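Presented sequentially are two complexes of subunit A, the first with subunit B as partner and the second with subunit C.
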Partner chain A sequence: MIISVASGKGGTGKTTIATNLAVSVGKDVQILDCDVEEPNAHLFLNPSIIETEKVMAPIPEVDETKCTYCGKCADICRFRAIIVLGETILTFAEMCHSCGGCMKVCPEGAISETGRELGIVERGNRNGVGFVHGRLRVGEAMSPPLIRKVRSFTNPELLTIIDAPPGTSCPVITSMKNSDFVLLVTEPTPFGLNDLMLAVEAVRILKMPHGLVINRSDIGDGQVKEYAAKKNIPVLMEIPFSRKIAEAYSRGQLIVDAMPEWRDKFLGLYHRIKELAN
Partner chain B sequence: MKIAVTSAGTDLDSQIDPRFGRAANIIIVDSETFEFEVLDNKENINALKGAGISAASMISRKGAEVLLTGFCGPNAFKTLKAVKIGVANDVSGTIRDAVKAYMEGKFALADAPNTEGQW
Partner chain C sequence: MKELVIISGKGGTGKTSIISAFASLAENKVLCDADVDAADLHLIASPQIDQRNDFMGGNKAFIEERFCTECGLCHELCRWNAINDDFIVDNLECEGCGVCVYFCPEKAIEFPVQNCGEWYISKTRFGPMVHARLGIAQENSGRLVTLVRQEAKKLAEKNNLDLIITDGPPGVGCPVIASMGGASAVLIVTEPTVSGRHDMERVAQLAAHFKVPAMMSVNKFDLNTDQTLSIEKYAETKGIAVLGRIPFDTALTKSMVQAKTVIEYDKDSVSAQAINTVWKQISKYLNDN
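Then we have the complex of A and B:
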């Protein structure tokens, strides 16, 4: 089973939920941190990293001794990653989306494949909890190919928990696609509600079962709950705005380590998700 | 000499549009006769990506040797450099005054882009 933890708004507690859920389940579980622009699950899990792999995106390289400057490569590229100006051909590595179109249409076979580094994927584990995350190269703008690489380590024999990036754009969709359940984490503020509504719309287009965790549930107002009731979204867990939890977080500690009584609550959450996903 | 100037309007008394790739119009001015051609930049304004690269190849095809504009990003700059079009950045005022000032040697040509790439 794949459970994605997503949110719309950033800073609502996705990583807190994903890491505590994974450690509470404890075995036959893996966590994939797909927030490759700023992965942080490792800060709470302290996994030992066993393998590091560089991830490349294929980009074109032109052999100018073969190029006739016909411009067919430039015509097919909607991202302007390759252009022909008179007898000059230029490539823009960082614009390229790696579709391979330019290589296919070149009548001279002058374009070959080289690579641009997207980032790295690191794999390891913590006390039997499998761990995978990606780190996007600083300066790189395209995260979905690296996220797909992280997701390629999904082991169908395990419970897979995906820590998704915030928002509702391509990186989020790439992270949570084909999940059996999406756990949406929000906070009861107008800002939290606004972004939750966007996230719910995205999840409903993808037709994935979903439920809500309300973090810092005793602040703000009642609008998130009203919205959840109206839209028939089950509220699966509420976490109060507690100094003890905040202190543990600030030390990089899991809630279930600092306050072991929370382990049963997270296990309860997991069982509710299992019921709802089927 | 043909000089390309990014323009908010469609004549020589228009103000310079500070953007290059997504400028409203690009005017190609003959520096001796002040005859000009207005290039509608609508297609680049709506481009998904690479507006600067396209605008640079467009003015290259029109035979421009120099570009006067406000901001020129790294991809546009690389394209212009490849086709040997000089760039004067941070130019403002009317198209006519900018071309005159350039011909009087008041602008130095840039050796680097003066804005970040946009995503």
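Then we have the complex of A and C:
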């Protein structure tokens, strides 16, 4: 089973929920941190990293001894990553989307592929909880190919928990595609509600079952709950604001380590999700 | 003309609440919400939309069934597995590269441009504002960010305003890169947590990579003063101007619930006073540099 933890708004507690859920389940579980722009799960899990892999995106390399400057490559490229000016051909690695069109269209076979580093994927575990995350190279714009690489380590034998990035655009969709359940984490404030509504639209486009965790449930107002009731979205867990939780979080400590009584609540959350996903 | 872009790396550190307060404090400015993926500034600024525009993003392939001979070439060429065995294109997977369109021997593939969202020019009680809404599950957020920033600049020029305050997106990827290019300075708003620190370091590296001067302020600093101190030390070693700290204060949430800035809600609250100090430091920085 694949459970994605998503939110729309950043900083609502996705990583907190994903990591505490994974550790509470404890075995036959893996966590995939797909927030490759700002991965945080490792800060709370401290996994031992067993393997580090550089992830490359294919980009064109032109052999100018073969190039006749016909310009077909520049015509096919939708991303202005290759241009021909008279007898000069230029490639712009950071613009390239790796479609391979230029290489395919070149009549002289002058274009081959080399790589641009997108970032790294690191794999390991913590006390039996499998761990995979991606780290986008600072300066790299395109996260979806790196997210796909992280997702490729989904093990169908295990419970897979995906920590998704915030927002509702392509990186989020790439992260949570084909999940059996999406756990939406929000806070009961106008910003939380606005971004939750966007996230719910995204999840409904993907037609995936979903439920809600309300974090810092006693701040703000009652509008998130009213919205959830109106839209028939089950509220699966509420975590009241607590200075103790906030301080534990600030140090990188899991809730279930700081307050072990929460472990049963997270296990309860997992069982509710299992019922709803089927 | 100066443009200040507020970013954070990590989401939820208080960027939008702080910008709203700046909106109350700053004069002669345009507000620009470049967090097009999950925009929130309008919830406080309550804009009256004067102009609504479509955002046309990239193209997507569409196979005309009546011309398709199912030769399979498109399927083979597509690097995103966006074309299934029944020769239907999955819009969510299609990258818009047009390779299938170019090579289809039957010319059976259309390539319509997509409406990926909307952008707006509005009036607010703080002055003009440019904002946008990226369509759900859409791409090209970077292009939309660039567009709203260009429009904010035009609007400032037209109205003789000398400052743009831009609410940036979280993360370090495409939309963030688009939000900071050519800015006068970025303000990094972080929080004293291990994740706040981790994400601040990455976004600070990004600002350095693109050579944009950076300032930093720690929000909710009293949640962990040791962490606050260590973050500020890190920032100093990287040449980032460390501004005043902002305490944890429920007035920020309460003001948000009332759709007010914290300055409007309670200008004597501890957070309002701290943000006022930070704003004075920023104004001075922007004037001096």
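The definition used in the following text is that the second predicted complex is superposed on the first by the 278 of 278 C-alpha atoms of A that agree within 3 Å, B and C clash if a C-alpha of one lies under 4 Å from a C-alpha of the other, contacts with A are read in each partner's own complex, and residues count from 1 in each chain.
Rule of thumb we're sticking to: contacts are C-beta pairs under 8 Å (C-beta built on N, C-alpha and C of every residue); 3 or more make two chains touch, one makes a residue touch a chain.
Predicted model only: the values in this text are computed from it and were never measured.
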item	value
Touching partner for A:M95 - first (subunit B), second (subunit C), both, neither	first
Which of subunit B and subunit C A:S217 touches, first, second, both or neither	neither
Which superposed partner A:I83 touches (first subunit B, second subunit C, both, neither)	first
First, second, both or neither for A:N194, with subunit B first and subunit C second	second
Broader residue contact with subunit A after superposition on the shared chain, subunit B or subunit C	C
Subunit B versus subunit C as contact partner of A:T168, first or second or both or neither	second
Touching partner for A:Q30 - first (subunit B), second (subunit C), both, neither	neither
Partner chain(s) touched by A:A141 [first = subunit B, second = subunit C, both, neither]	both
Contacts of A:N20 with subunit B and subunit C, given as first, second, both or neither	neither
Shared subunit A contacts, counted only where both subunit B and subunit C touch the same residue	78-79, 141
Subunit C residues touching subunit A - in the complex, by the definition given at the top	9-13, 16, 37-38, 40, 43, 58-59, 77, 79, 92, 95-99, 102-103, 134, 136-139, 141-142, 169-174, 176-177, 191-195, 198-199, 202, 205-206, 209-210, 223-224, 227, 250, 253, 256-257, 259
Residue ranges of subunit A touching subunit C (in the complex, touch as defined)	8-12, 15, 35, 37-38, 40, 43-44, 76, 78-79, 97-101, 104-105, 136, 138-143, 165-171, 173, 177, 189-191, 194-195, 198, 201-202, 205-206, 219-221, 243, 246-247, 249-252
Subunit B to subunit A touching residues, read off their complex	47-50, 53-54, 57, 60-61, 75, 78-79, 82-83, 117, 119
Residue ranges of subunit A in contact with subunit B within the complex	78-81, 83, 85-86, 88, 90, 92, 94-95, 141
